[in-house]
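Paired with chain B in one complex and with chain C in the other, chain A is shared by the two complexes that follow.
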Partner chain A sequence: MSWFSFFGALEIGLIFSLVALGVFISFRLLRFPDLTVDGSFPLGGAVGAVCIASGMDPFLATLLATIAGAIAGVITALLNVYLRIMDLLASILMMIALYSINLRVMGRPNIPLIMEPTVFTVLQPEWLADYIGRPLIMIAVVLLAKLALDAYFATQQGLAIRATGSNPRMARAQGVNTGAMIILGMAISNGLVGLAGALFAQTQGGADISMGIGTIVIGLAAVIVGESILPSRRIFMLTLAVVLGAVVYRFFIAAALNSDFIGLQAQDLNLVTAVLVTIALVIPLFKQRLARRRSL
Partner chain B sequence: MLKLPKAALLSLSALTLAMSASMATAAEVKSVAVTAIVEHPALDSARDGILDALNEAGYKQGENLKWQYQSAQGNTGTAAQIARKFIGDKADVLVGIATPTAQALVAGTRQIPVVFTAVTDPVQAQLTPSWEASGTNVTGVSDVLELDKQIELIKEIVPEVKKIGMVYNPGEANSVAVVEAFKKLLPEHGLELVEAAAPRTVDVRNAALSLAGKVDVIYTNTDNNVVSAYEALAKVGNDTKTPLIASDTDSVKRGAIAALGVDYRDLGQQTGRIVVRILNGEAPGSIAPQTSENLQLFINVTAAEKQGVLLTEGLLLRATEIIR
Partner chain C sequence: MLKASDLKITFNPGTPIETRALQGLSLEIPTGQFVTVIGTNGAGKSTFLNAVSGDLPIDSGSIMIDDADVTRLPVWKRATRVARVFQDPMAGTCEDLTIEENMALAQCRGTSRGLGWAVKSNQRDFYREQLARLGLGLENRLSDRIGLLSGGQRQAVSLLMAALQPSRILLLDEHTAALDPRTADFVLELTRRIVTEKQLTTMMVTHSMRQALDVGDRTVMLHQGQVVLDVSGEQRKGMKIPDLLEMFETVRGEKISDDALLLS
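After this line comes the complex of A and B, so read on.
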């Protein structure tokens, strides 16, 4: 693996770790199976790209993209909380709707950002190469997001969100407004995903309507891989595990891309990735069995 | 002092020998890395065409050519990673098939030559600043079709045409470009465009049905959704006697009356010839982006009968291939 593909995997993994953190909040903390992500990721990319292409400051554009993602999450939550639509279905409805909305936002299916200034070109010093600078910036962004989430989920409100997910009846009995907590949690979750979409568009040369396909699968895989590598119950470790999972997942893909020497071909890529992820998932199980056998 | 066993020393010197030997040949081996957003008959033909042209110019796999190909299998995240891998491998020329892959390559490097292919509008995609030689590391071949020629063909097959229906995916950049151009162009010919959106392949049939009876002919561009589900369109055309005209020659075998289109193998070969020029030392920035050199006319006589069209003798004489 070359340094280029190493840093590339790191950079893309870190961007998708924001998606994974979002998925972690909805699926794990809120227990809300949320597929909105497949629409809010390209929504973030679309809003970011359109704003930057029209000459807006890239930081402001990225902020607007984050807010757009959060609004998408709020609408999914509203469909569920106030209109009583089943959680999974509400998110599917929002995901389909977002496809058309994203096309409306962009006006066409592809907005290039190859020639435009981005948050990365602004932040990066001249002497540092692109492929090293971008992952370094991403490390800072992800670290900030992770620490902010850790701090937030230790506050009264953060704990109320977690309580809503783990036992809604008990939470209500304690005076928690569970509906409001679901809306808030979904806003944070999809806001992170929108942010990831905007950053992805800025590193990959533009937003494309197809960029959302499979986002939820990657996010969930990252969460699950992370949990199996670093099992814990503490929020600090959990968010760390999720970030780690997203990065490790990208390194699996990088490894699969470099597996041509054993006779694997382009069309085997997804299979190789799936096998590698499966191996990562079953390792803890084998460890357990081994430990049990020893103790016998 | 560190003592190395003899065997280790021997193998070490053998290794250095082998390495210097491989470095000597490495100087002559050129590497070409090709990436596509997804597997698809047209895009695969383009890829094969590139290899044809390289072979023709004397670049042979396993001898003096290192050929790499990866498909992102539809995922833009993977496309980005493939771009990074190829750039890291320091390939001599990178080839991006279709818009998103070409963009990922161009966003990743300003040094390594990038050749795009099967991109309809490279200027709007910001791959090149204009249709002139770019002066950058990017050039390539576009699959844009001259719409005047397409309108001519439609008029020749359905002379009394007033309304042209079009089924397309509003999420595909290439298709939207064609629709927008048609909207400007058709009124000049006294024609009208009726659109039907098919955001997924399963929507193609319903979109076509919504047009039947309202239009005199259904024209389709190289839209990926439509091409994937062309049989569904052909069935609607046959059942409702609506003539179908396509833009990729493969669709004629699958039920269109005619198509005046780019042969993607040919497009690939044209792309491959640009790659060869770059491998031989030309700068990509001095080669202007090209469009397809030769269009091919495919005609399906059976489909014409089923869809109620009488083909003229002149049309049949001009056809590159006639399917019965």
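After this line comes the complex of A and C, so read on.
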């Protein structure tokens, strides 16, 4: 693997680690199977790209994209909490609705960002190459997001969100408004995903209507891979694991893309990725068996 | 003070499995009283308790706590006034959270939850002190996940949690039923201690007649969704299980045939 593809994988992995953090909040903390992600990721990209293309400050555009993602999450949660639509179904409804909304936002299937200033071009010093500068900026962004989440989930409100996912009946008995906590948690989750979408559009040269396809799969795979390489119950370690999982997953894809030397071709990408992820998932099992054999 | 008036709840109305769980139940518990509620299976004990906590909506009637009408309030809004310990030790605590986080969650009951740290260091000392009183060695395990504790330990912590914030009424839902006899006695003793110390208005649902007469200062028996017996004061002192059974037969003209109730 060349340095170029190494930094490329790192950059995209870090962007998707924001998605993974969002998915971790919905699936793991709230236990809300949320597919909205497939729509809120391109929504973030669309809002970000449209705003930047119209000459808006890229930071403000990215903030608006984050808010747009959060609103999508809120609507999914409202469908579930107030209209009593099953969680998975509510998120599927929102996901398909967002496809049309994203087309409306963009006005066409894609919006290129080639010469426009992005948060990366603004932050990056002249002397540093793009492909190194962007992942470095992403490391800072992800670290900030991770630490902010760690802190938040140690506050009274954060604890109430975790209790809502873990034992809603007990949470209510302790005076937690569980419906409000689901809405809040889903806003944070999809806000992160919207942010990731906006950053993705800014690194990949534009937003595209199909950029959201499979986002939830990547996010979930990242969460599961992360949990399997770094098993823990503490929020600090869990968020770290999720971030690592997203980066590792991206390296799997990069490895798969670079596996032509053993006769594999581009169309084998998904198969190779699946095999590599499977290996990452069964490693803990083998570790256990090995440990058991040693102790005998 | 709790005042439940003419509560009615019917499950599956208009179907062959229609169950009239509460049929005009009225009960008043003055401030500071410890009432035990007993009854056969299906007498409406748990339904009544869940109606008071807000878990079950009632068809008609009203529930007052002090001067507030809570009949239409959801569970989380009633929590400012109502504290609760569940029957299932797993239900009353949050498995994924640590002991101190569970206690912090309970200490915020009925207050608004902001962005302050959930567990501050001075609180940690307070929790340690509270846990030390249990004599279970839990004071050294504040940051252990509560899921690692046994059922009895979790139930004991649940009781402490229920008393961290003041409440107008404490609801105990057969909270010793899922424990082995020794642990059950320990938790019951703890209950007595906490209720006396904090002078809590308490309603304890139990399946054991012995327990119902041993603790508290008043015993209420439910039957077919209504209060059929209500003993307290001099009458209750020295009362044995056969006396209670006899009273029931005189009032209802029928015998109790629930083995679990008689044997436990």
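Side notes on the structure shown:
Criterion: the second predicted complex is superposed on the first by the 296 of 296 C-alpha atoms of A that agree within 3 Å, B and C clash if a C-alpha of one lies under 4 Å from a C-alpha of the other, contacts with A are read in each partner's own complex, and residues count from 1 in each chain.
As a convention for this text, a residue touches a chain if its C-beta (ideal position, glycine included) is under 8 Å from a C-beta of that chain, and two chains touch if they have at least 3 such contacts.
As the structure is a prediction and not an experimental result, all values here were calculated from the model.
By the touch criterion stated above, A:R233 is placed in contact with chain C alone, chain B being left untouched.
Residue contacts after overlaying the shared chain place A:L103 against chain B, while chain C stays out of touching range. Of the two partner chains, chain C is the only one touched by A:Q157; chain B is not. Contact comparison for chain A: of chain B and chain C, B touches the greater number of residues.
Of the two partner chains placed around the shared chain by superposition, chain B is the only one that A:L269 touches, whereas chain C remains out of contact. Contacts of A:A171 after superposition: chain C is touched, whereas chain B is not reached. Residues 37, 39, 68-71, 73-85, 87-90, 99-100, 103-104, 106-108, 124-127, 129, 170-173, 176-177, 199 of chain B are the ones touching chain A in the complex. Residues 1-9, 12, 16, 99, 103, 108-110, 112-115, 131, 200, 203-206, 208-211, 213-214, 218, 250, 253-254, 257-258, 260, 266-267, 269-270 of chain A are the ones touching chain B in the complex.
On the side of chain C, the complex with chain A involves touching residues 53, 55, 74-77, 79-80, 82, 84, 86, 91-97, 101, 104-106, 108-111, 113-119, 145. Residues 152, 154-160, 162-163, 166-167, 169-178, 233 of chain A are the ones that touch chain C when the two sit in their complex.
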